[in-house]
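This report refers to the structure that appears directly beneath it.
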């Protein structure tokens, strides 16, 4: 039972982080119809910047317990590169999707060196900071409190995003723009502004995700290219452009991976790709997406 | 931004921008004064970038040392640094170094995939290559049966063999169930296989209750740790390295895997030793530091100098890759100088190769030798960790020192057969 | 003598909503049948059923005596029925000649030839020129379709359907987007071309009642998913009730997805 | 005119070994390999309008085909290796294609990416079968029955193997030229331009896409086999998604709107990368920056740029 719970918590933790990145992807795709290969790069950027920010604060006498808010703020701050990158994407909105994909691929290439230029090739870590919040023990079950906080943060962000999209005026504008760009234009929506804000929000979801996960992990140069594949699996399973899909997809991938590792570790990533292909065969639009073509 | 290499070259060679290519064969008289050109193939980006960084420091230290003490047989050393990436592109860079830059020797290479591909190419081009690392056993014997121009590092499995021996020596009878969590590539696969082979050799009854193979660079090991925890092993053997190791350590500590008296063997811990903070790394584990243990009390003056130099530059303590790089340079220097002396003039490539075979050198970590079959022999350091030190990470409480002749196969032997038959004293 | 195109008691439901209900219709060789009706009456659904794009939920659709329910556009073209759309469909980057060649080649045994240059095929070229001449496009053969005028694009769209050498052609508002002055010319052109090209019958969906009156041999009026009338033009237009229902005010029902 | 230009280019490539240093000749080999792979890729991308972001899969199949056949099964004839690897590639492409051609645009890209990574995972995880990260060695094959045992590898590569690859590129480019100008090619473009219209004109869209996908897989594997022989090793990186990205990069660099664009792209990419890697350790950054410039300013690539300049030149000179 403990073992089972361990697996579930491990899977949910992984899903929580994947959700943030995938939600960013979905938001941007939903509104702007752009698939951002550089989502992994934003994630890595958040992780590296988070470490620097926390280290900077600690060196100036911040009590270690405050590192979580620092990470979140760092993630949000570095997410502010969003508008600049969006300005670049602006040049290809009217073009074939191949160009949009290539442009974000170019960003992937550039970010690899940008990260290396600023942080070097050695992996960066936050030492034992994660244990500042201690562990939660229930019987034989032991989980670092921080992991639960990350799951909680992800749930809060998911709920917040949902409420934001459903309840606020801006959320309704976003959904309307996603449905029909011309109509929004005709209704006087400032699409330029909507796109810039959506892309920034999508970027922040990635950078905050990276910053949140880094105390339990490490920031390393291969983070971006590795994560992209998993994030894609999530959005394909969930259905491109669907927030609910991001949530469901992240849970499927996270739990599946945890289960595969526990029962037949050779299948780790293979199992995920097989599910992706299975979903595409049986439900071409993904679990929550619309049928295509 | 693009001037880092140039700067390094200036720092090293003192000659500034590289002069036009001077093939050593065409103008021996002139060549006597021209610097020796050494090509370095080291990873800069991606997971392995960190290895390259440390190795390049070793090279830099070696070259500074050489150039300030009269060079190699009177000639200064100049470096041409290229990036090691995947086999396809790295072979292109090797060809550039050899055919275009006409370097006298190529050093570097840390990945087994690259070194396997490179061996035959180097042989074909008659390019003198001394590798830092990247000699996992699989495929080596069929790829390079009779090496002439390629010099390999010590076998990658040495540290697994030594760690296994220490585990048996210290903990024999204290464990029945073992689990492995090793990186999913040839290095990790062979390390765990070597461990099990040695347990069998010494008649240690055991069952493998879990074996995990996370891909190198996996940053979320929660599920792997959960699986290990469920298997309740008496001993965990893990050749994880890079950032994966501290992540594993932290995750395992957080999940309570270390609370139940489980023993841990980390043959490659010395690669990330300074990132394994005391607060989540209990003492009493077996740590392998490979060919360089930075805190070795009986270490040479050279090592102490290097560790201090490294610490001043990086605010960190070096791992063994620096020693491997230093060793490669030292072997080449010793070979050239011996051949120079024997010939009474500047030696040809074949003379240098002849002189490198069997040459003994003092590397950063300790004494070493290049075997006649072109496989290096170096000194290895491992031991059981303690928290009783001035650092914020564990160091070795007792240091076991073994020379590679005890840890790797003899000439012409198969590694796995050797394990079965070797006469090793515990 | 069985009808060329035949619908026997077809119905189409989308969930609870019946877009079509018990429609029977037979189109013989030599006819030009217009399908008229207010928006949302079920015209598009009927056309989609008659062209085998979607299968009916009840009843049968036959073409030359064979069931064509849901066979899809490719098989439809193969069996001898072509369809041109209300909105212009062209291949922007292809020239007029290439566009027509696509249709000519796809219906010959040459579609899967990999190594012969299509531009050098004399038989294909002469057929392409022939079709282009019918529609007055012979001067534009080398022009990329995207550079044609709107009217020319419309002509090319219809011409490419003719290039299939179909027995039946379905024209969905062929004159939409064409100025009212040109409408008659275009329509006349198309009908003449059809006769010369050996098309056996034409199904026309049209809003312009002048055109309908002038060219139809029969008019089928649809309302609320049922056939309201199926008569010759003279009888049709002499019934004020029907005319009011079709031409007059829009019916109150506005079902989703039916139009 | 174009054919004349192609012949001149071919002649130029044929004399390169006499002009260039051996190192630069060995650099031309991957360019030839990528040219072949990209000619196939562009049938799918440029002509059919389907962007595959997993095309490295087929390059990897070619590479591993050469590896398994030469070093595990002892087959040395390069003709047989090419035929079998390309055949295997097509055999893999058909089931993948059956699934993938139901989609277009971004969905097609993501699905092919998933399949590419599935294969990469397989190569990586099934260590005993595939050699895992280190891959499998590729032994030097015989060309047209001749082993050239007296030549060392560099001489062999820049000699017989070089001319063999040039000939292969010439033949495969000629075949591709015929393909795109055939009725089949016309239909592909029609499906790209307007799928619905093509269907109503009797074009079996998915079937044609599937054939295009298979042909591109065939070309990919041939390119992959040449690459692997050049390297002497097939490794999982060949199937990684960033390698697929490089393939797209090269095609766009050369210009996908032109038949010879991919060839131009392959040669310029290899040259560009070699220069950048030699110049700075941060070559990825500059490569990415160049790609951005290309996408933003010259989306039709180098061939589009030349065409435009050529056209301007002609307009300005009164005839």
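The first chain written gets the first letter, and so on, giving A, B, C and D; residue counts start at 1 in each chain.
Everything that follows uses one rule, which is that a residue touches a chain if its C-beta (ideal position, glycine included) is under 8 Å from a C-beta of that chain, and two chains touch if they have at least 3 such contacts.
The structure presented is a predicted model; accordingly, all values stated were derived computationally and were not measured.
Taking the mean of each chain's C-alpha atoms as its centre, the chain lying closest to the overall protein C-alpha centroid is D.
For the pair subunit B and subunit C, the distance between C-alpha centroids works out to 75 Å.
Subunit A and subunit C have Cα centroids lying 49 Å from one another. Taking the mean of the C-alpha atoms as each chain's centre, subunit A and subunit B sit 36 Å apart.
For the pair subunit A and subunit D, the distance between C-alpha centroids works out to 33 Å.
For subunit A, residues that reach two or more other chains under the stated contact definition are 112-113, 116-117, 266, 268-269. Listed for subunit B are residues 1, 44-45, 213, 215, each touching two or more other chains. The set of subunit C residues that touch two or more partner chains is empty. If each chain is drawn as a node and touching chains are joined, the picture fits none of the line, ring, star or complete shapes. Interface note: chains touch in the pairs A-B, A-D, B-D, C-D. Remark: subunit B residues 1-2, 4-5, 44-45, 81-83, 86-89, 91-93, 95-96, 98-100, 111-113, 116-117, 120-121, 124-126, 136, 138-139, 142-143, 184-186, 189, 213, 215 touch subunit D in the complex. Contact residues of subunit D toward subunit A in the complex are 45, 51, 53, 99, 102-107, 109-111, 113-115, 117-118, 121-122, 125-126, 240-242, 245, 248-249, 252, 282-285, 287-289, 291-292, 295-296, 299.
Put simply, subunit B touches subunit A in their complex at residues 1, 43-47, 49-50, 52-53, 211-215, 217, 219-220, 222-227, 229-230, 242-243, 246-247, 250-251, 253-256, 259, 275, 277, 279-280, 316, 392.
Put simply, subunit D touches subunit C in their complex at residues 175, 178-179, 181-187, 189-190, 193-194, 196-205. Interface of subunit C with subunit D (complex): residues 72-74, 76-78, 82-83, 85, 89-94, 98-99, 101-103, 105-107, 110-119, 121, 157, 160-161, 163-164.
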